[in-house]
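Let me begin by presenting the structure, written as structure tokens, before commenting on it.
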Amino acid sequence: MQMHEVKRVEIMIEAPMERRLSNALTENGVTGFTILPVLGGSGRSGRWSREGQVSRAGGMVSFICLVRPDRVEKLLDAVFSVLERHIGVVSVSDCEVVRAERF
Amino acid sequence: MTEILGLAADNLISPIILSFALGLLAALARSDLSIPEAVAKGLSIYLLFAIGFKGGAGVAAHGIDARLVGSLVAGLVLSALLPFVAFALLKTLTRLDTLNAAAVAGHYGSISIVTFVAASSVLTGRGIGSEGYMVAVAAVMEAPAILSALWLVARSGKSADIDAGLWREILLNGSIVLLIGAFLIGWITGEEGLAEIESFIVAPFKGVLCLFLLDMGLVAGRGLRQSRGVLGGGAIAFGVLMPLVGSMFGLGAGLLLGLSPGGVVLMMVLAASASYIAVPAAMRVALPEANPAIYLTLSLGVTFPFNLTIGIPIYVAIALALTGG
Amino acid sequence: MTEILGLAADNLISPIILSFALGLLAALARSDLSIPEAVAKGLSIYLLFAIGFKGGAGVAAHGIDARLVGSLVAGLVLSALLPFVAFALLKTLTRLDTLNAAAVAGHYGSISIVTFVAASSVLTGRGIGSEGYMVAVAAVMEAPAILSALWLVARSGKSADIDAGLWREILLNGSIVLLIGAFLIGWITGEEGLAEIESFIVAPFKGVLCLFLLDMGLVAGRGLRQSRGVLGGGAIAFGVLMPLVGSMFGLGAGLLLGLSPGGVVLMMVLAASASYIAVPAAMRVALPEANPAIYLTLSLGVTFPFNLTIGIPIYVAIALALTGG
Amino acid sequence: MTEILGLAADNLISPIILSFALGLLAALARSDLSIPEAVAKGLSIYLLFAIGFKGGAGVAAHGIDARLVGSLVAGLVLSALLPFVAFALLKTLTRLDTLNAAAVAGHYGSISIVTFVAASSVLTGRGIGSEGYMVAVAAVMEAPAILSALWLVARSGKSADIDAGLWREILLNGSIVLLIGAFLIGWITGEEGLAEIESFIVAPFKGVLCLFLLDMGLVAGRGLRQSRGVLGGGAIAFGVLMPLVGSMFGLGAGLLLGLSPGGVVLMMVLAASASYIAVPAAMRVALPEANPAIYLTLSLGVTFPFNLTIGIPIYVAIALALTGG
Amino acid sequence: MQMHEVKRVEIMIEAPMERRLSNALTENGVTGFTILPVLGGSGRSGRWSREGQVSRAGGMVSFICLVRPDRVEKLLDAVFSVLERHIGVVSVSDCEVVRAERF
Amino acid sequence: MQMHEVKRVEIMIEAPMERRLSNALTENGVTGFTILPVLGGSGRSGRWSREGQVSRAGGMVSFICLVRPDRVEKLLDAVFSVLERHIGVVSVSDCEVVRAERF
């Protein structure tokens, strides 16, 4: 099968910021992404787990966006406009997709 | 005094408090006992729906009261005012910086609906009536405190990230909408509506509250364990003093308005309790640099247990003494 | 007419309808109020179990009825037949292509068990009895409509992806199995079994239904918001007309079979209601090109609220008038 | 004998057993009926809380009993001893290697709290009283069997991965903590506490148990389907024989201690039942090479249904015959 | 540690197709995969979230398969036999594993 | 934006081992990781799904750790000290992050 190169951007972000990140992505033309639930984790701000949260104030979610390589820069700008002051992690890796027309 | 102690002791050996204590101890002992997030949320939806509905049905039964508007205004004012009191107290008792002090202060202007529910259940248990519209007062007190906290931050030159979306989130947050919605449904359908669903929202209420407080104990215990050392002695003193101070403001408002003894108790409880749902969520968005471990531990790990165990009996005793109820 | 309006008004201010309205409004106002998926599924399991069990216990109490088999056959026929009626109506009122029209049509042959539960609860509230085996009729009506919809598609030359696995999924889908299973358990254990678990499945039933309809309102509201503009005026007209048309077929069947007034109402409700669980799932697998926004919005956003608020009182009024019940 | 059969037949057509059967059949027929994990966990929390609380309230009502300590010791001894019996029986009936045989044996020393709950509900239904502290006996029987199983493995030269963390997990596992905690709360708050939450933990209990057993049936059925062929005839024979053998040990202990007829039944049930929550979790950590399909299928797919349907009526009949209850 | 190269295939697919994709993979010799829950997402068919779903008709899941590079082609064929007419996204990236004998 | 190379380690592990793996990571200086829930899967020990589990004995979780390349070896040692006798899968891939100071 004919494969096309894209970038896979993975963003761990606090749950209360979910809607804001979705909006920022959409407004910047990134209309394809998937949101995964997160059970817990550990970082500089310590360990946490979903169970210990009494409210949506706690907890994180993980965004996965597949984008064309030339759009990564713009995507990251959008992400950091939201994420800047918040805890969270962003990583980018290479991957290939079959149906390229949609990215 | 001995009466207050007797009341407190009575209160302490109720299934509700003991369930909370069980959760707290289990978490501190690192048991893996846990209530699934979805179930805990389901229980809280039940409690909000039931307390709102019963409040509305109460208003339907006793007719609308001239004091309704006054109480709502008093709630708004208390919520906006108490953060300043809390801020001053924090600056005196602790070395928290302005940002964190303001974030904490915002929590104490707002309210804890579970503390309100527990107090209602104590009142019901002792046969003390109260105004049904106090649930509406609870609802209006959730948000104004956030504004005061952000104003305290802005005044000191720091920036708070506050957009239209956040206001919508705060004002239309699920708890407020459900509480007010159920209140209106109870009001509209009245006695008849209550009769239809009474065996769902009245009879099992106290048992559901036990399970919910078990979960609150677990969450508070985990929080205390994870943030050991975050709070100094001054902060802990604040967590115990502030509800007492707040309750005095509530007492004043309740007496001025001429509420029933139960109504005065609930007004005191609202003023004394601190938010751990709506306000922390807003703070994460608007003041991400403030440390959630501080405000959550204070509100959920110190003030909530204090009110539940010692605070409520004190408020009841004072209100009864002063209203002759 | 005035009687129908009175009935409708009465119906509209019940806690059940108002809970649905609360959910709808909260979602339209973009509140973050939500009931966790797991809890909503838990509530629906409770409702299916309770309604099935009570139906079975009803059959055990009143003995088996010569009309049972007739009713089941009528249900099968209605379910298979109504998609053709719906398809014709859609082709007249809308410009949907054959694929989407057939997909929508399939939903209207099948049934909405929550509408059925709400109607049962209205009947109970007004003291109108009905045949316990109507829950079995509901169960047999879930699937045949899917076959008719796929036949409509196949006839037009398009291909539907239908394998043995899908048939198993449709016929053994969780709701059908639970409804029929609980019906049989109720039938086998009878009055005695009912007495054992009455305080679980009878007393709190209406309250649970309120919370479930709150969730349905939330889901319907979110759906309406997301798919604004998907439906034209013709489609919306279809969503209101089709239940009325369907109910007439149900009425005919009920009268022909000589069902009790309550039984006639339930037959009308089954015919009038549209699926939003079993059929959409089957359509995603068999007709992936059909647009779910169309059939879900019609069934859940238009027809479900219509039946709940206006449809049921109309069906009750007509059935009572014609059966002299 | 005919009496036992009559009892068994009576037992078989109760809503509780039929709900289990419904779940089992649905899973075997590959229906997608399922109860969300969170809801199932919520139901089990309810059951543990209710059974623990009622046990404690029972102790509060009837005063403390000289046999309490004896019963706890008997429970500890039975739990530690039965794995050796089970191991010997397994080595006779099956060709399991030492590791897997020891892992299975550990499950049969420990207990199934749902079997205990089902037996309590049968006793309540037939008006047979029992000692409230049997729930404490159940709690102490969870863990010792694990030690015996690990000792059996260590003796054969294999290594078991057992650290301090694991002991904490076993001894403070959620079910034990909740059961003992609720027992203490029931004891402390007594009749009065029970009255406060009775309509939550007593009235709907049996209905909740039905839904929980529906889920147990689903899980057992899925397990049986996935591990078809894992168990030979010898292992299945063990799964039916071992509870009968275990119950005889429980009978002996109960008679020696002079428990009430209901207490003897519960002691038999505890000895006869096999764990499928605490022990499997411990085995995954300590003996990862043992095959979970073997021990889970035996405990949940064979012994649990056996006890639920046939075992309990047998134990009741024997205990009543020998105690003249 | 000795590392071995494998491919990581990530498939976002509608929840009602989960069983069919599992079966197709297994029938094509891909017996190792993990299924993750998905909270929500956005694509050409718009935004959705788990909360807005009344039934299993909605929602997606994410499959992750680690496979030996020479088996990717066959895996993709199996995936597209199921996915062809459905919405969903497939991506492939490189990664390394330690215990290679199992892939 | 300035990007920095890190390794992305993904670990599928049985749920009862979650606490042990978290501890092992933390003790070995890996303080950044995220835990995702897993719905089901398939491997040499057969197919399973979350629904079929009566207890925490069943089920898996997925750990994601982003670490500096020079720390991967130590991380893998920590992982295998816990995982050795248990079922589970570990994979390592390359990716890039923006804020490197935290890894």
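For clarity, chains are labelled A, B, C, D, E and F in written order, and residue numbers in each chain start from 1.
As a working rule, a contact is a pair of C-beta atoms (placed from the backbone, for glycine too) under 8 Å apart; a residue touches a chain by one contact, two chains touch by 3 or more.
Only a predicted model underlies this, so the values are computations on that prediction, with no experimental measurement involved.
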* Any chain that touches chain F and chain D -> none
* Which chain pair is joined by more contacting C-beta pairs, C-E or A-E? -> A-E
* **Most distant chain from chain B, judged by the mean position of its C-alpha atoms** => E
* Can you check how far apart chain D and chain E are, centre to centre, with Cα atoms defining each centre and the answer in Å? => 39
* Would you mind pulling out the distance in Å between where the CA atoms of chain B average out and where those of chain E do? => 45
* To do: List the centre-to-centre spacing of chain A and chain B in whole Å, with centres computed as mean CA coordinates.
  => 35
* Asked: What are the residues of chain A that contact at least two other chains?
  -> 36-37, 47, 56, 93-94
* Can you tell me which residues of chain C touch two or more of the remaining chains? => 32, 34, 36-39, 42, 203-204
* All chain pairs that touch each other -> A-B, A-E, A-F, B-C, B-D, C-D, C-E, D-F, E-F
* Where on chain F does chain A make contact in their complex? -> 1, 3, 6, 8, 22, 25-26, 31-37, 61, 66, 93-99, 102
* To do: Please give the residue numbers of chain B that touch chain A in the complex, ascending.
  => 34, 37, 161, 165, 216, 218-219, 222-223, 226, 276-278, 280-281, 283-285, 288-289, 292-293, 296, 300
* Within the complex, which stretch of chain D touches chain B? -> 36-39, 41-42, 45-46, 49, 53, 168-169, 172-174, 177-178, 181-182, 184-185, 188-189, 193, 196-197, 199-201, 203-204
* Structure fact -> Given the complex, residues on chain E that touch chain C span 14, 16-17, 19-20, 46-48, 50-58, 85-87
* To do: Spell out the residues on chain F that touch chain E in their complex, using ranges where they run on.
  => 10, 12, 36-44, 47, 49, 60, 62, 73, 76, 80, 89-94
